[in-house]
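For reference, chains read A, B, C, D, E and F in written order, and residue numbers begin at 1 within each chain.
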Amino acid sequence: MKFAIALFAPPHAPSSRRALRFAEAVLAGGHEINRLFFYQDGVHNASGGIVTPQDETDLAAQWRAFVERHELDAVVCIAAALRRGVLDTQEAQRYGRAAVAVTPPWELSGLGQLHEAAQQADRLVCFGGV
Amino acid sequence: MAKSMLIVSRHSPWSGLGAREALDIALAGGAFELPIGLLFLDDGVFQLLPGQRPAAVEQKDLAANLQALPLFGVEDLYVCRQSLRLRGLDGQPLALPATALEGPELADLFDRYDLVITL
Amino acid sequence: MTTLHLLSQSPFTSPLDSILRPLGVRDGLLLCGDACHALQPGSAPLELLEHLPASIAIHALEEDLQARNLTAPERVQVVDYPDFVELCTRYDKVNGWL
Amino acid sequence: MTTLHLLSQSPFTSPLDSILRPLGVRDGLLLCGDACHALQPGSAPLELLEHLPASIAIHALEEDLQARNLTAPERVQVVDYPDFVELCTRYDKVNGWL
Amino acid sequence: MAKSMLIVSRHSPWSGLGAREALDIALAGGAFELPIGLLFLDDGVFQLLPGQRPAAVEQKDLAANLQALPLFGVEDLYVCRQSLRLRGLDGQPLALPATALEGPELADLFDRYDLVITL
Amino acid sequence: MKFAIALFAPPHAPSSRRALRFAEAVLAGGHEINRLFFYQDGVHNASGGIVTPQDETDLAAQWRAFVERHELDAVVCIAAALRRGVLDTQEAQRYGRAAVAVTPPWELSGLGQLHEAAQQADRLVCFGGV
């Protein structure tokens, strides 16, 4: 089956880790992930600025490694990201900000990408809250 | 054929971005001409109250965006009657024509849609 | 030592019970944000508030009432930000229930 | 169209009522995170769950039970992540209650 | 004389940073030799349960930090009995020697401290 | 009176705006603010990366302007900030990150600063949640 996975909570929420372990199990089970979509505080998972204490699980780093390893389509909602200071090079330039937090393979885009992924997938699974 | 999506909005209008970010999903879906339903549940029902003045807390008027729903083709609006009742709002006029549902009608609503997102 | 308790969560999402439990008879309440929905006529939270001892002063932030089209019952004093500051000086300490 | 409902909030902080209201008789529940505390023996949430129609399957994520030193009653099936994925395929759609 | 501070911890141990960040305020206060009290309220009482295995959800052991409280001079630990009762935990053994309080005892506790922070 | 003010919620939470309006009223009333302390998700208020839609209140910018105008002592908890990707130049260098979100007058420091402020103030007022 084809899964679209959405995450609405930041990397320090247990639901971020749960979404990642779920996504890993989806691929391990022979299924496909057509898109990861990060919305609301979930946009922080794409931030390259997060520094996790060495003896704790670094979810932001694990998400990046997961996306890179499997060459997944990983979209961060641009409107949600701007409000939360999670900018890529282009947006940082556009708004004259120094802080570039998002680099490829993450991509900033609109909510249409969430709908498109949900339409094309067999299942949409959303993670958030705690 | 496009899949239908039910969006369940549980946040009050002036408690942060929850209500607005749920509405944005509905509007984006409408813009893509997808069949979208919107259910106001729990504190989400406060979004439907008339006479609000968001300017008092320096917020943009969410009501304007809600009124835009039909223009985006989002006309299937529902509200949980039990949520209204618990808040002393059952029978009060609402700012939008939302169908009040309760009990098994809510389960039927969930049943009808292909997709559901709760925010 | 009296405490001014700040409430901002919706009483329908975060029940008031555990917040009202540690309330002393000389303490005060300040409702702001969605906590103002506790003043919704006919709701259970308003019932709870109305049964607090009369010695406990209840205040509500004016802007949050206005935004929500709510009217404060007589039992509740409507305050603005200068009043809010003054209230903080009148009680020995301030506790924000997040 | 059946729905698998994911619950992760503590039932003591976010009451189960409004979540259980839209539950269809062929739907399923998956408790993860603090929602697993609903299985605490002698608590009101467990009582609520035990009164759901038998046709509604209740599952709980193993790792969250272990972390919290909780044991699932017979009514509840303990699942791991591969099972979680399989459950998603078995129901027509998945709803995450945030 | 240093002011005393009551820290009210309302979050369960594995639901995010709430419990840890409340504890960090207590430990920092202890390190500065301030008189600190810690009250476990609502879902915060789950922090006191024995036999937890945070490794199952890849979390650091919060219990270790809790056990460190006395080393930091934080010995005034309290738990809300009503919170325990609602969760079916009243009478169960706790991992830390916290004094169970209810009703007016809670108001007295708040009354005794110069400062209070709820997280 | 001397006020210590702590904020635990991000700029898009109503409590951020409430804390700022309160702080303004404290000064307008002839009182003093001995320190602002940003903890938990409140650290995002110090982020220079946040881009607010033009027709909305830009709390991050308003906080910065307020701190600068009144030359306030504004401390961001360093441990909370690192976990959330809100780094200053020094921390970004230390951990090899590109995203510098915090610049003076904001200062990253430890929780001791919260206790010190609370000890020295006549009132500690904490804002958070929603």
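Everything below uses one rule, namely that a residue touches a chain if its C-beta (ideal position, glycine included) is under 8 Å from a C-beta of that chain, and two chains touch if they have at least 3 such contacts.
Owing to the predicted nature of the structure, the values given are computational and were not obtained by experimental measurement.
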Fill in: Shortest contact path, subunit B to subunit E, counted in steps
2
Practice prompt. Give the chain pair, either C-F or A-B, that is connected by more C-beta contacts.
Written response: C-F
Fill in: Same or different contact residues where subunit F meets its copy subunit A, judged by the half mark
same
Item to complete: Report the chain whose mean Cα position is at the greatest distance from that of subunit F.
Response: D
Discussion item. Among the chains here, which has the CA centroid at the largest distance from subunit A's centroid?
Written reply: C
Worksheet entry | For subunit D paired with subunit E, centre-to-centre distance based on mean C-alpha positions, whole Å | 28
Discussion item. I'd like the Å distance between the centres of subunit D and subunit F, where a centre is the mean of that chain's Cα atoms.
Written reply: 39
Worksheet item: How many Å are there between the centre of subunit A and the centre of subunit E, using C-alpha atoms for each centre?
Response: 34
Discussion item. Residues of subunit E that contact two or more other chains, please.
Written reply: 14-15, 17, 42, 57, 59, 115, 117-119
Item to complete: Give the residues of subunit C that touch two or more other chains, as numbers and ranges in rising order.
Response: 10, 13, 33-34, 93, 95-98
Discussion item. Where in subunit A do residues touch at least two different other chains?
Written reply: 8, 12, 14, 83, 124, 126, 128, 130
Worksheet item: Which part of subunit E faces subunit A closely enough to touch in the complex?
Response: 14-17, 57-60
Discussion item. Show me the residue ranges of subunit F that touch subunit E in the complex, using the header's touch definition.
Written reply: 6, 8, 39-40, 79-80, 83, 110-112, 114-116, 118-119, 124, 126, 128
Worksheet item: Can you list the subunit F residues touching subunit C in their complex?
Response: 1, 3, 8-9, 14-15, 18, 21-22, 24-26, 28-29, 31, 122-130
Worksheet, complete the sentence: Counting only contacts in the complex, subunit B reaches subunit A at residues 2-3, 5, 17-18, 21, 24-25, 28-29, 31-32, 34, 115, 117-119
Discussion item. Under the definition above, what is the set of subunit B residues touching subunit C in their complex?
Written reply: 12, 14-15, 42-43, 46, 49-57, 59, 86-89
